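Before I ask anything, here is the structure I am working with.
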């Protein structure tokens, strides 16, 4: 298939930035998460943790590309109540990917084709499946199974 | 202040609907959560649980108004992979509320004033604070603290 | 298809039994979970909770059929360190189900067909997919997608 | 042994009070938890949940004796940011208990002896073991295992 | 304001020590957490994880200053049931801080003023707010909002 | 005692491999966890996390010996839906261990004796205690306490 964006299996480095939060509300953390994604984080996720003095805090983790560390440390200090940010680098193996498109009930669904040695995986793009599921008013799984059925 | 929507302290009943999910992806559950809110759930939340055979499943809980139980049971079966839904009623004590509005840096911020006996609580509306925080490009807490400062 | 075990959409009652544990190890709780399933629990799941004195405890929940409550309360007291068990009944709506079988790469895979009004869902049985995935040495998803592809 | 406080196996009712919190900090929730225990809650625990708009909220649960419901609903509204509290009653089976005391390295350790039909369980009291562990500067497990060794 | 303890924005290194626990009770882990803080850990937190054989274990994480690694590895082995401890160093960016004091209803409340480039954050000290909240018998949020109101 | 497998207190390196999963079911993750243990992982554990778009995902972590990194990265890509794996090395301090055996009600129970400087810990092997608990139909704790009682 003709790819939209093709990548070879990469071996790169990713920054892992983290901070524990016990003095910010869930509302504030939800807002920060969305601002950090807008600010260019590769990913943002939140882990519930139990902190000192019986506090149900969270660990906020941001993944950042090699050149984005300083910018995202600043963004974490800006949008959260953290006074400090810890960070380190991790190596990363990423599967080779290309894209192709199929049609499901008249709607285009992009497929991500990922390859690593003899492992091949085809994943319908979430956003396209979501659009179709909303239009058809069905579960996301109905669309995904329907798309899978065409791939055999 | 003149209220937008005023409620007395209520004593009502709320339906609690729940189901454990071990065969739906996080993507699918996120989609279902948003569809269930659209379908009229009072609230939807997800609790991580450990199910049999070492499965990191979730408990999906939906709160529904007295007349919405059957409709939301059907919506849960429609948008999730659940084969069954458990439900019960809980009594609920809800504080009396009215609304008022203040201005923060030229932007209107609604305040929810909640009362129960001698307990009084004033909460700036999230959506208004979010709008202001995005416009000013600051943390949500900066707006909320600024609004609180006006209330003294 | 000819069903193996066919059920109509039921409206039944299920017992929810629960206890908080802060003085049993994860090893002991894992053992208890397996004993409780053997003892006839409909389901057993564990929720991480934060208890008093900064203790990372768990809430153990057991679902039991209408006539099994007393037997499973006793089993919970026997296999866990709990000194007390709380319980209540919840109503339950369960989809109508029947079973059929397909073949995947020469292996039989049972399908659970669940129906509720106009909602239809077909789910390959986990145990059969697991057997096939182990034999073929692939991800569970590979088998499930392969089975889905035959259903279109 | 001569019991300090002896109870027969009881069949009672306990109130379960709950509220979801997304606009209170972990610090504030930790403070509320301690105030609610002081206010007479039988138990207080906190469950991490994922609420709407990607908020890492918590479910706060309070267990209360039959006559304490109204008082603890009020306390929850007072010490948390909740605008409403849900509650229901659950039946409870509690093992028969009596107390006895042993000595460990010269320090008194109370033992809770719990009985239900043919299930017997002897548990060293946490507070006494904690005092001993702090004095001896060892893990809690060292004291508990030492006490268990005397019971054979 | 005259600072009590003033720090410049630092770029330092912090040790992250961790171990998974599946054979210690929540009581024992709570005790260990408090001993580790006393032993000089910068922070201690507990993450619920699902371990092999359906065990609801925890990941215990200790943050330690550059010279405290060996001492805290030993303390973790002493107060927990762990047989091994993993550790690595992370870089850390910490905001510049100084302290000042305000008065709230006659009680002194220290304020932590944190600065990083053009980000400024003022946080009332938890311990002082807790003391005030207990004395006035109000939620922690009432004190914190009252203090914020003075800062405008 | 004569040891079965004796190790000195080691200072080694362990690989930490991780990936966030939001498009695999709990069933599929449970299956992957078991395959990864079979494939030679030192340990596998799953942490519930909150990912973008309100998704209740998990962080899958695999610990691997120094020479097993590439093999286990491949296994993670094979058995999960991950498109990329992050990894780093952590140093590890492991207590010196040897084994001995006691008898409990006629059944052999291996004991792991772990030593680090002046810290000594004796742990009955889980598998042996599990076998005994199943045979005697008691809680795991009953066996473990019985074994502890012999060690005094």
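Worth pointing out:
In this document, chain identifiers A, B, C, D, E and F correspond to the written order of the chains, with residue numbering beginning at 1 in each.
Keep this in mind: a contact is a pair of C-beta atoms (placed from the backbone, for glycine too) under 8 Å apart; a residue touches a chain by one contact, two chains touch by 3 or more.
Remember, predicted model here, so these are calculated numbers, not experimental data.
By count of C-beta pairs in contact, A-D exceeds the other of the chain pairs D-E and A-D. Of all chains, B has its CA centroid at the greatest distance from the CA centroid of chain F. Mean C-alpha position of chain A lies 28 Å from that of chain F.
Chain F has its Cα centroid 39 Å from the Cα centroid of chain B. In chain F, the residues that reach two or more other chains under the touch definition are 23-25, 27, 33, 46-48, 50-54, 56-57, 78, 81, 88, 126. Under the stated contact rule, the graph of chain-to-chain touches is complete, every pair of chains being in contact.
Here chain F touches chain B in the complex through residues 21-27, 29-30, 33-34, 46, 48, 51, 53-58, going by the rule given at the top. Here chain C touches chain F in the complex through residues 24, 27-28, 31-32, 35, 48, 78-81, 126, 130, 133-134, 138-141, 144, going by the rule given at the top. Residue ranges on chain F touching chain E, taken from their complex, read 14, 16, 33, 37, 43-48, 61, 63, 88-95, 97, 112, 114, 116-117, 119, 121, 123, 126. Against chain B, in their complex, chain E makes its touches with residues 48, 50, 52-54, 56, 145-146, 148-152.
By the touch criterion stated above, chain A contacts chain E in their complex at residues 18, 20, 23, 47-52, 57, 59, 73-74, 77-78, 81, 83-88.
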